[in-house]
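Per-chain numbering from 1; labels A, B, C and D assigned in written order.
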Amino acid sequence: MNEFVVNLENKEFNISIDKTNKVIVNGKERNVELSKLSDFSYLLKVDEKVYHITSEKKDSKNYSFFIDGFSYDVSVRTLLEEKAYELLKNKSNNNHNAVVKSPMPGLVLKIKKKVGDKVEMGDSLLLLEAMKMENDIRATSSGVVKEIFVSENSAVEKNEILMIIS
Amino acid sequence: MNEFVVNLENKEFNISIDKTNKVIVNGKERNVELSKLSDFSYLLKVDEKVYHITSEKKDSKNYSFFIDGFSYDVSVRTLLEEKAYELLKNKSNNNHNAVVKSPMPGLVLKIKKKVGDKVEMGDSLLLLEAMKMENDIRATSSGVVKEIFVSENSAVEKNEILMIIS
Amino acid sequence: MFKKILIANRGEIAVRIAKACKEMGITSAAIFSDTDKDSLHVRVADEAYYIGSSAATESYLVGEKINEIAKNIGANAIHPGYGFLSENSNFIKMVEDAGITFIGPSSQTVKLMGNKTSARTLMKKNRVPIVPGTTEPITSVEDAKETALKIGLPIMLKAAAGGGGKGMRRVDKIEEIEEALERTKSESMKSFKNDAVYIEKFIENPKHIEVQILGDKYGNYIHLFERECSVQRRHQKVIEEAPSPSLDNELRKKITEAGVNAARACNYHNAGTIEFLYDKNGDFYFLEMNTRLQVEHPVTEFITGVDIVKEQIRIANGEKLSIEQNDIKIRGHSIECRIYAEDVDGNFAPSIGNIYHHRLPSGPGVRVDRGIDVLSEVSVYYDPMLSKLITWGKDRTEALERMLRALGEYQIAGVKTNIHSYQWILNHPRFLDLSFDINFLEDDFLPLLPGKWKEELPNKYDEVAAILAVMLKQKDSEIKPKKNIRSTSNQWESLSHE
Amino acid sequence: MFKKILIANRGEIAVRIAKACKEMGITSAAIFSDTDKDSLHVRVADEAYYIGSSAATESYLVGEKINEIAKNIGANAIHPGYGFLSENSNFIKMVEDAGITFIGPSSQTVKLMGNKTSARTLMKKNRVPIVPGTTEPITSVEDAKETALKIGLPIMLKAAAGGGGKGMRRVDKIEEIEEALERTKSESMKSFKNDAVYIEKFIENPKHIEVQILGDKYGNYIHLFERECSVQRRHQKVIEEAPSPSLDNELRKKITEAGVNAARACNYHNAGTIEFLYDKNGDFYFLEMNTRLQVEHPVTEFITGVDIVKEQIRIANGEKLSIEQNDIKIRGHSIECRIYAEDVDGNFAPSIGNIYHHRLPSGPGVRVDRGIDVLSEVSVYYDPMLSKLITWGKDRTEALERMLRALGEYQIAGVKTNIHSYQWILNHPRFLDLSFDINFLEDDFLPLLPGKWKEELPNKYDEVAAILAVMLKQKDSEIKPKKNIRSTSNQWESLSHE
């Protein structure tokens, strides 16, 4: 019997699994049967229900699923991995830095905040021109602008660090 | 420069190829460029024309292609292989036996010829019931029925030899 | 409305029905045999239940099991699709008795119309023209001979319990009647457990035209015009069209009215089809009624805009017809080509295997109803129809141009298909000038087997195929087998995904 | 008819045009950049020619190169698609001068309508209602302020050479005009090499409704009714419908007549679209004319049965319109969802990658126009629209039910898409009760980013996703890496094809 912790969309599931086509999800038992149709396509039966799922594995802990028009980014950890993760999370909470990265290559048009500004989650931080469109880069967490690494009219690569909010 | 003999639908092509994206087909030079899209899908450019081709490899000499709704069974031999093939063909011509095999598993309903009967290409040889349908097995060459290996109401496997016509 | 519908079928029609359920917010429950464990109809349904081993006689034909599952899972209704148990009145009776709604006509109607002699009697009484012949089973060889001489040879011997081209035999000479009768009876007994056989005059080179009707449970009937289904091989339809290009509006009015009368005559409710033979003299005769959804229903849906499967469900649910006859107009033309896994040049033997590559055609005026997906298995156990390709155009020419375009886009690897043969049929003068009849393929195509039909087509891609074969063989000889190492800098490999 | 058409575009629209050529028996010639060497538009065309490196400015935007290729390969006509050079009057002039037919209006018409101020002047003269504002470019900040005060704030500053939502800026306060004018001018100069800017009154929360027209070279005009395109994000349409559910028949008559008048006013020939803003008072105003094929043309094709691309080709070939206004009737309802490769919750950043898995939806009432196929590459260089999913139903409800069903069937792996977000939009009360306007997504959806919009949807598959993740992780830990050896007896592996 192996136990896992699954996180998706701010929800947590505790799931244990053995090899007899049974899983226990948050205490409830489910009969399951899985068929691999291709590297990207699975047929999963849960009790009497059938689901045809498109899957992309990101790494050993993260999967991206697509079910009936709904997409899910799922992270799954063994109990051991979960403990390590919690430890890490607590650490970073004490010294909480949100890194704002460029989601695509482009040109910085305008920087809307300066070091020391308070930002709320959702605030516009800067304008990035890419694919002939102006893209509004918004804060995904609240805090204070700690550092800015780019200047207006500078070109940035994908995943280049733009700002740090702490 | 490698030379090949290609047969499809009773037509023969002599094709030589080097590594510089050029082939010579029956004396005519063609510029070619091939992209493999997947194991079953190729994009072939011949001069300015583009062809999207579905492909199944049967063995090292035989391919099955599907182009714009047209299907082709193609056999391709190097000059050496072609010589061996010709030799073999001549041999079998001297002792020409056409083997009639069952195209599918089924039940022999009726045998329409007996040993010694003359048959023309296209003549009905026997009726085979399979998939709830009566299937007419016809001669693919002309000759005389030399031997019959099945009897009426007997079950046959796919590719089981039914008759020999010589 | 029903909460849950059990779909007592497999393949493309089970998929089609599950999609209608999805659109209507109804839970669909599939049943599956061993082979069909991961089949597309299971993938698209909301629920799936194991029914038995792969042989249809152990699974999709076992009414008791299906009825039992329906009861256990709380299904409110059963959709039978076509084939299997769809026209089995005993099964329908069993479902009715279990208090489950059968999505189709009542068991009495099916029983009545399933017996071809009683159907003929009823049609005659209601002035729907029937083919000359008997309306009672043949009782003796002498009877048969007498009738044959009276209506004139050639005649057809037909199983009263038959239909769909099964259990019938042509007789040209009076002295052949005895043996033919015996054989038809024995086949009929084998196939239908009933050896009643009747006689119809053989109609010379007719077309097959059928009328789609809808009737609710309150005696309201409409027709959705007709379909032309003359392109057949061994009584199996291969291409269907709507509307029939062979009819003018006057005849269209007559034949569709006859269809509605036929349905009314047997107290029909739900979707049904009345098949007619249409002869060279412009006369048409009732052939039989199909008391179920037809394979070729999509061509009617394309020209009328009516979703027939959804109408079936609404009618079964006790709703009145929401459409009036005057609302139904023909727009444009639609053609269907059935895509079979078969070896055309190998006696049409079913082609078995796994679908490794499956690219659907797309774009304007194209619909695909399919039973397969990538990595589906095509087995020996069931009908080898993979899918149906249906196109629509503002007229027959555009529908045809789109069909040829879509056939060119449709890519399947893993089994042989009949796709190439449509190049011959759809470009044939008899198909284009409407001089085809139900013997078209038998007369003009089958004699060109094996392979000669290809010689009548333009040599469009011969050289290309030859070049590709050489290039692939050359590539193969260049690439040395490596142990799981792939260089991403190798352009040849980099596009290939494993 | 033309023998050969060069398609001066890429992606789904180039594929769409090649299919029309195929159906008409015309040779299609594609052009491709480095990145597009094996793209779908190259695969479906009959011929393909290299045009330059991947940046559009080196390839699809270089009119001289395209014109040169067209001449060299003996193309009789050029179809520009949409975007790129489709509304570039200099390019069209060059093509005309080379004696090649441009499939679209004349360069003069495009020039006239491309300049938004001259278009407004012309419309005003021909009594097509325009948004209050200037019909001349602004000459000074003072002018601008004066006009703003006259017509009332807020106002829109718009680039005379702009269009399609580009080069425009809202001004709410009189003191913001100066800076806004400067910025709009500079952006306009950068984007269009022209800094003329005019003023329009800002229309509060309008809908975007546009009329599809066809005109031949002999002064005959028809309309194909209207489309509703109010669901937009940053002025980019996301969902389009036909007919507009917001109009009654009286208003429909008025707006389509205005569309035909607008086309006639500028001597338009070929297919064109007149965009209107429709405000809460039931007034509509000319916004701009798109002198080319629209992305959303399929919804019009679905409800009218007219193949707009083929009509474009016939008109360009000098044929008279074969359809009369009375022949065009609306049947049912059609909806289009644009499928983008983008990360909705990551600032809509384009998602780059290879398409590893691509399963198209199918069945009744579904059309896909796509620019990708399995193993296509989605690059940074071009618009991230992968395909368009279009459904038809007998009414808006059925079209919507089919859209939700088809979105559920559509499977893409390799890039992130916006498919999930349609679950939110299509089920939203404002979309369903027609109270949406062009600010719908800005007002109601964008504030729910990132991720919060998902919380408004039913938790349909959370648990399933969690279970699958666990099972896959478990399987992965069980399977030890093997060196290219696969056991066929292993059920887990046997279905997997590499």
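Simple rule for what comes next: a contact is a pair of C-beta atoms (placed from the backbone, for glycine too) under 8 Å apart; a residue touches a chain by one contact, two chains touch by 3 or more.
In this text, all values refer to a predicted model and were calculated from it rather than measured experimentally.
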Checklist entry - What is the graph distance from chain C to chain D, where chains are linked when they touch? => result 1
Checklist entry - Computing the C-alpha centre of each chain, which chain sits at the greatest distance from chain D? => result B
Checklist entry - Comparing A-D against B-D, which pair counts more contacting C-beta pairs? => result A-D
Item to check | Inter-centroid spacing, chain B versus chain A (mean Cα positions, whole Å) | outcome: 54
Checklist outcome for this item: Chain-centre distance (mean CA atoms) for chain A and chain C, in whole Å, is 48
Checklist entry - CA centre of chain A versus CA centre of chain D: separation in Å? => result 30
Next on the checklist: Could you pull out the residues of chain C that touch at least 2 other chains?
Outcome noted: 38, 44, 356, 359, 373-375, 404, 408, 495, 497-498
Checklist outcome for this item: Multi-chain contacts in chain B, i.e. residues touching at least two other chains, fall at 35, 37-38, 41, 49
Item to check | chain D contact footprint on chain C (complex, rising order) | outcome: 15-16, 19, 22-25, 38, 44, 298, 301, 305-307, 331-332, 354, 356, 359-360, 362-370, 373-375, 394, 398, 401-402, 404-405, 408-409, 483-484, 495, 497-498
Checklist outcome for this item: Seen from chain A, its contact residues with chain D in the complex are 2, 4, 6, 8-9, 11, 13, 15, 17, 23, 25, 30, 32, 34-42, 44, 46, 49, 51, 53-57, 60-61, 63, 65-72, 74-76, 78, 103-105, 122, 130-131, 133-138, 140
Item to check | chain C-touching residues of chain A, taken from the complex the two chains share | outcome: 35, 37-38, 41, 43, 45, 48-50, 52
Checklist entry - chain B touches which residues of chain C in the complex? => result 234, 343, 346-350, 356-357, 359, 380, 383-384, 404, 407-408, 410-414, 416-417, 419-420, 422-423, 447, 449-451, 454-455, 457, 459-476, 492-493, 495-498
Checklist entry - Mind pulling up the chain C residues that touch chain A in the complex? => result 29-30, 37-38, 42-49, 73, 373-375
